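Going in written order, the chains are labelled A, B, C, D, E, F, G and H, and every chain counts its residues from 1.
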Amino acid sequence: MKTAAALLVLLFGGLLVYASLEFPAWGDPMAPASRHVSPHYIERSLAETSVPNIVTAVLADYRGYDTMFETIVIFTAGVACLFLLRIFGRRSSESRLYRHLPTGITLRISRGGAVPLSSKEFERIDLQWVPYSVVVRTTCRLIVPFSQLFALYVIAHGHHSPGGGFQGGVILGASIILFAIANNLRASLAWFSEKLAVLLCGLGVSIYVATGALSFLLGGNFLDYGTLSKPFAMGAVAARSLGILMVEIGVGITVMAVMVHLYYGLASAGRHDEGL
Amino acid sequence: MEALWEQILTKANYWMTIALMMVGLYAMITKRNLVKKIIGMNILQTAVILMFISIGAKRGATIPILKHGDAAAAHAPRAVDYINPLPHVLMLTAIVVAVSTLGVALALAVKIYQQNGTLDEADILARQVPRSHEGGP
Amino acid sequence: MTSQLPAFIILLPLTAAFGAFFAGWWFRKAVYPLVVGVLGLCVLLAGGILHAVFDHGSLRYFLGGWPPPVGIELHVDSLGAFMLTLVSSLSLLAAIYAKPSVETELADRVALFWSLYLLLTTGMLGILITGDVFNLFVLLEVASLSGYALVGIGRGQALLASFRYLIIGTIGASFYLIGIGYLYAVTGSLNMVDLGRLLPPLYGTRAVQAAFIFILTGFAIKIALFPLHAWQPDAYTYAPSGISVLIASAMAKTSLYALIRLLFAVFTVDFITVYRPLFNFLGWMAALSMIAGSIFAIRQRNFKRMLAYSSVANVGYIVLAIALVPATLQGLAPALVHILNHAVIKACMFMAAGAFIYRFDRWDIGEFTGLGRRMPWTSFALLLAILAMIGMPPSAGFVTKWYLVLAIIEAKQYPMVAAVFFSTLLMIVYFWRVVEIIYVRPERSPVPTAVRVEEVPLSMRVPCVALGIATFAIGPVWMAGILTPVVTAVNTAFGLGGQAP
Amino acid sequence: MIWQIEFVVLVIVLICGVAAVTVRDLLGAAVLFGAYSFMMCLLWAIMGAVDVAFTEASVGAGVSTVLFVAAVFRTSRRTKD
Amino acid sequence: MDSIVFYSSLYLSLLIFLPLYRAVTGPTVLDRLIGVNAIGSKTTVLLILIGMIYGRVEMFVDIALAYALLNFLAVLAASRYFYKKRDLAADSSE
Amino acid sequence: MARKAQATWDTVISVLNAAKPAQSLRFNRGHLISFLLLLALWIVFSGRFDGFHLAMGVLASALVARLSGGLIFTRPAPKGLPRLWGRLIAYLPWLLYQIFRANLHVLYLVFHPRMMDKINPKIIKFDSRLKSDYARTLFANAITLTPGTITVDVTALGRFAVHCIDDVSGDPLPGQMEERIARVFEK
Amino acid sequence: MDLMAIVLLCGGLFFFTGGAIGILRFPDFYSRLHPAGKLDTAGQLLALSAVALIILDDLSREHLLTAAKIGLIVVFVYLTSPTATHAIVDAGVRAGLRPWEKRPAGETTDDDLG
Amino acid sequence: MTTVPAAVSEMIPSLKPLAAALCPLLAAPAIYLLRRRPNLREAATLAAAALQFLWVISMAPDVAAGKLLGWRLIDIGAGITVGLRVDAFGLIFAITAAFLWILVSLYSIGYMRALKEHAQTRYYFFFALAIFSAVCIAFAENLVTFYIFYEALTFSTYWLVAHHEDAEAFAATRKYLAYLLLSGWFLFAAVALTYSLAGTTAFRDGGILTTAAAPSATLQLLFVLFALGAVKAAWMPFHAWLPSAMVAPTPVSSLLHAVAVVKAGVFAFVRVVCHVFGLDTVAALGLGLWLGIVAGFTMIVGSLYAIGEDNLKRRLAFSTISQLAYILFGVALLTPHGVRGAMIHIPFHGFMKITLFLCAGAIMVVTGKKQISQLAGVGRQLPVTLTAFTIGAVGMCGAPPVAGFISKWFLCLGTIEAGLMAFLLLLLVSSFLDVIYFFPIVKTAFFDPLPATTVGIQGTPGGLREFENPLYLFMVLPLALTAFFSVLFCFFPNTFFLLRLTEVAAGKLF
């Protein structure tokens, strides 16, 4: 088995080597890949979309269709994770644990027992609940808003600097995951609920598709942001830039929601009770 | 000999890429642990991405974000000055696809562990055999 | 309006997927009507596209208004339009069929199921009309990912099956991506038409050869050609019934379509003529696949697994037909014929298998006794499909054999006739066993005095029987030449059919 | 100009990759895979693919590792290979 | 100045091998974690230095920041594992 | 170890303040301060001062302030924040000095040929009188950054466990550092 | 200015070297955290300041902002690095890893350079 | 053959063949719908049979005048159609099948009800389908159509062979399917190869393949493929399926395995030799001799097998194998009389052999005896049946007052025409062997004393039991009729235009 696999892999590598021997040398500016389509992007993107970051321009406009489906791949992953992992309806365990917030005392409520008086004062915790060190938690309290702002900045400035909806979305998601790790999954769920995540999952993609479909209504082809110039009263080039921004926001929302969702699902094995 | 060295040096990227691809593929095929397979899968995917980025590399060029400012606005950007952006775009998409696949794969692995209590493919198959005789799927 | 059709047929199921997803959380009852309605509309749109393609030639749609090498285009040629109709119809039928089993087995995640189902359909439809090689990869992943999830929710070892499907599928996709990378490295383009134009001077280069091999291998994994089929039987066996139907009939065919498209639109037939031995090798692999698939199928007791192995064999038929293309005047006709026929036949069979499981939880062929009386409609449909599969005239399978054998004889590859022959023979062996048990074997367990008819719900029965009848109806349809214009158009589009052997 | 750095990083990447698939502990593998992604990100930054590097930094190094750890947490660290 | 930056970054990249040794050999996961964390801190600087070499620091700063953030996240996640599962022994079989 | 005490479920004692963000919809001072802070941060990030980007900055800051402003200030922000920051900044140089010393110390250890003789790791414990989370965090991080010591654990009651690399490192704790931090926060 | 930057850069590299060697040399996980947590952080501080200085050589609004961003990174690092160190050490304690002690009393992790 | 009018090559469009073919096809659903009303069900069968025969026979005058009637169903394109066309040779087969269907249906009523068989609806249903396939085979315009219905025949008879649903039946059906589907595949390959060589598959009097079309090795290979495809003709050594298939109910054995299925096989042979290759081509390729040798071998060896067989139906099956070889033999001679003999032997053998089978079935139903050795004295119990049996047996041997004489006569003429005296000798030896295995049966039945222990129907020994129960009448009447016809054909060979049709058919060939 192993030797067969090794042979197979060697064959594969051999084929790759065979083909690579005739490749243009690394970094050759005259390589065909650099001469055929890409000059158009480099030389015209600023004029056509007014986006200095060529990658963003190509990603969201010239090849916007790819990116739309990339977002849909992410969305699919989110739905798939929900579909496969999520255990709907909670089986109430033998006993539930509540922590009294002001004192930090933990109560064990056996099955059938009354829920503590005010749910605001009590926090339901996990069986395996471990108090996180105050240091980490406090640091994360500072870092989470900071990184969220940073993420929004990344989304908003995808035109001018590296980044864009996807990266920003991941960082946004990471900030919520950070919160969940620094505290626990229940606190995180109370803050950023599953339903919200689900809503945002679909919302982001819908924004993307709607932006593209808007150009239908305005008489253009799908994803032709240039047509947005009519309702927004701006030039076609600026309209493209705006379209790219809208699309990036959609991507960011989806990516954030899906990342959070994946984390919730994986860390709790679909039960959404106890996290990492 | 010269030519060989030249081949090796000018295409070091490709050779490393190939090595990585082989590592990833080997892991995917031979490793029995599901998470190991997933890691192998990711290595393979990243290696492919690396290959694409290497294709797009351009000597003497800068990152594909146009310099803005007074001087740059005056003349149109020239293709030789900037790295080919297209592979970057494609690979952004490929990374996203990779992470999505990763998410689904991990979800499956977690589910499999819940069902079988092990992540070892051979063990799972071993316990599947007696079951297949007594009842349907 | 016609010009916007290609975008619509993608957008429709896509938005419906979001719709189903949202509706699952807030308005559950709307999900199923939405799905069926949208898929029905898709079928209509596909018909419209087919019509438009035959009226005006292939449709090209520039997304974002960017002309092709720069932007992405949708390119619907006659083959694509034909496949669109096929896939959307199968998707609709499978959706109708899947309803009862989904509602009983996956009660708490119905909406998610349908959402993924629509995403799968979207991915497949997208593959059929895209004109960009990288876009094809992305769409392939959309379809695959939703496919993995849908397979994984099945019973038994579905999860492991899905996992293997995922791993091997990812290898396939990565191979394809490597192939694209090589093509891109030597041409700098990703558009299919553009590549077809740029490639001819580069045929001798190693990168193109390697690209060809990688793309071929990648798709061989996706379509489960013999040595690379390891993921397929488990995935087909354990997937939920509706999904087995869709994946086995439509998904495999979509990958085949993509392979055909890449071979003949990107590499073009000239490349193939240059590398004829490679194609002969492919033909031998296909022959191996036909025979090995059938031999494996004989050993199975699980009906769905048997069907899965039978698919391996049947894919061999199609690949053989593709491999023969450069040598015959018929061009893609045999491949096309079998793509349609096998899709219909296999869909019907998986539907019947699913019905047996749904009603009686019987999956072992040995336990099928008495089903012919208990489930007369479903069994009848299965019987028709089996007869069609083993090529009883005038069914669909007969037409396949006819075209295929003619092509083989024309190509003078007589050993292939023996391979086809042997494979069909094995097919008879394992399929006839089923007929015998269903219809003529007496029921083993306490013999019922009056056999109660216990059919599956109407929504499962109707698609199954419809497809069963279709397996026989398609034969005359092919023979009457109703679909000949499609074949001719496809051959013309790819510049095939003109080469003398 | 900076191919020397690139070469060094390539070697590191390779080491990380091999280590990630050979180490007999899934958590360790996840951590090493994180390192692999870090190095990949660096490599792409060196090649001028800033957007890709950014994505890899956020996805590969961050979220992927977390997802791996979460999955390993919910399953088992033990592995036979 | 450019050459100084270049050689510094080359030196830094070579320096990565040391924590890499720790990350690869272990012996415990936490040792690996330390190694990876150290690699991460070097890489942050390295990214900025590469930005210097390209002359476009402003583009690389964002990456470095995101990098630092996510490195922190990864380390936290991995260490959080041991809060709930105390099976450090699992990897002594190594 | 301190862990044992924590492991018993019946009396889990931990940080008193919940990490839950404020749930009130009212826009309070904490939010406003967060917003302004974040806006300032945005400007540093963005580096663009045209209307469009600034508007986006305002939007983004408002969003984040609304969403997670409650994380920075769990209750309406305490009065006298500017003064607190002033003291904090005044404290930093001293901290930096300490950090520098710490680094030199560790460097000395690292390069010392007979390192093993020099070091003598041990864990010491002491109680701190600091009360607020920020103060304790700052103290703990400061300990971690300063000579030869790493905070291992901080309990809810303010008991610090510190790992010291050698004999001398742990001696000055809590000592002067706690004094200074207490002066920053608790006036 | 340049000279200062170079000095800072070299200092940063020196600290980094120390950190890297320390990680290798120290006997156990707890003591390894000392160089990892402190020296690397200091190295980052110095090296990043050096870069900021080099940028500020050519003083413009953009460069000022970039320098400010680098400052932000430094601040960020100084927030996270000790926290990360703390998290790791905490994890070690909870996982039951016993610190290396000078008196050889049943250590298990004493297998490194020394 | 001066009496034959000038060949009318043009096909006259006519719906008659279609109508004739549709009778059983439409009867099938009717049978299924009437499954709860057995009387009506069987009435439907009979009605369809009668109607079909009328349609078929109504075409005879036209065809006998040398016309071709036909109807194209669909065009596959590139020169391939699925269509029906009636020529003289096809009509001979069709008349035989259609007429015998009436009688066998009658017989089935008695047989099935007497034995209280299960699944009678299925039986009638697939019987109708089998007849439909057989008639379509007879009327097939080209090889593709032929092949389509050839396969359909296999599948529809499958259910009849598997009727008993026991282990023996399944073993038999597996063998049956294995042989026939396999051969179907060879036929398919042969059809495809023919198409690619000749560009058409339509049957034509002079043949569609010429020696110029392909190397003679290819053509010989093609002929071998066709021969393998016609395993339905049960030529040795590919005959084993036929005796096994005798597990089917007797009416099935009688009609299908004496008439429809096996005759479809030999029909295929004749078609291939006469209308695909053409006699000239076959002669040029030297295939006639080989075919003759195979046929002669089958004749002799089949008879020898029959001698050793004790089971009555199986002995009849081997007899069938041997007799079918006569037809092949006749074709192999490639002479006018040989071919005519072959063609006329198809209906004549059908009538005679069906008589024998029906008798065997009747004996089994009435006395429960299946082995020849048990038949002692049965002739006295069932005089009519055994008389009919004797007539059939005499015909098989080729003795004068029965139809077999006519065909044998033609065959002998053919051998003389061809100048192959060895073959003449072969024929005579074979006839002698026929006598050897048929005579003992007649002797045992009539002249051996009834064993004392024998218990007749309803416990009463001896006597003319066959008229006691009205159900038996359903059985006796058809076999009496077929016996009668067998004799009639000897004196009036042109009944149902049969002789005339062979004349027309052969006339066009030479």
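Note that a contact is a pair of C-beta atoms (placed from the backbone, for glycine too) under 8 Å apart; a residue touches a chain by one contact, two chains touch by 3 or more.
Just so it is clear, the model here is predicted, and its values are computed rather than measured.
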Touch-network distance, chain C to chain G, counted in steps: 2
Between C-H and B-E, the pair with more C-beta contacts: C-H
Most widely separated chain from chain F, with each centre as the mean of CA atoms: H
Chain whose mean Cα position lies farthest from chain G: H
Centre-to-centre distance between chain H and chain A (centres being mean Cα positions), rounded to whole Å: 76
Centre-to-centre distance between chain H and chain E (centres being mean Cα positions), rounded to whole Å: 88
Euclidean distance of C-alpha centroids - chain B vs chain F, Å: 39
Per-residue overlap in chain A, given as positions that touch at least 2 other chains: 16, 21, 23, 31, 33-35, 37-38, 41, 53, 55, 59, 63, 66, 70, 73, 76-77, 80, 84, 130, 133, 135-136, 139, 142-143, 146, 150, 154, 160-163, 166-167, 171, 174, 177, 181-182, 262, 266, 269, 276
Overlap residues in chain E, where contacts from two or more other chains coincide: 33, 35, 54, 58-59, 62-63, 65-66, 69-70, 72-73, 76-78, 80-81, 83-84, 87
Residue numbers of chain B (touch at least two other chains): 12-13, 19, 21, 25-26, 30, 38, 54-58, 61-65, 67, 86-88, 90, 92-93, 96-97, 99-101, 103-104, 106, 108-111
In the complex with chain G, residue positions of chain F that touch it: 1, 3, 41, 44-45, 47, 99-100, 102-103, 106-107, 109-111, 115-116, 119-123, 137, 140-142, 144-145, 148, 150-153, 161, 163, 165
Residue numbers on chain A that touch chain F, as the complex places them: 97, 99, 101-106, 108, 120, 123, 129-131, 133-135, 137-139, 141-142, 144-146, 148-150, 152-153, 156-157, 160, 175, 179, 182-183, 187, 190-191
Chain A to chain G touching residues, read off their complex: 130, 133, 135-136, 139, 142-143, 146
Chain A-facing residues of chain F, complex: 6, 9-21, 23, 34, 38, 41-42, 45-46, 48, 53, 56-57, 60-61, 63-65, 67-69, 71-72, 133-134, 136-137, 140-141, 151, 153-154, 156
Residues of chain G that touch chain A when the two form their complex: 76, 79-80, 82-83, 86-87, 90, 94
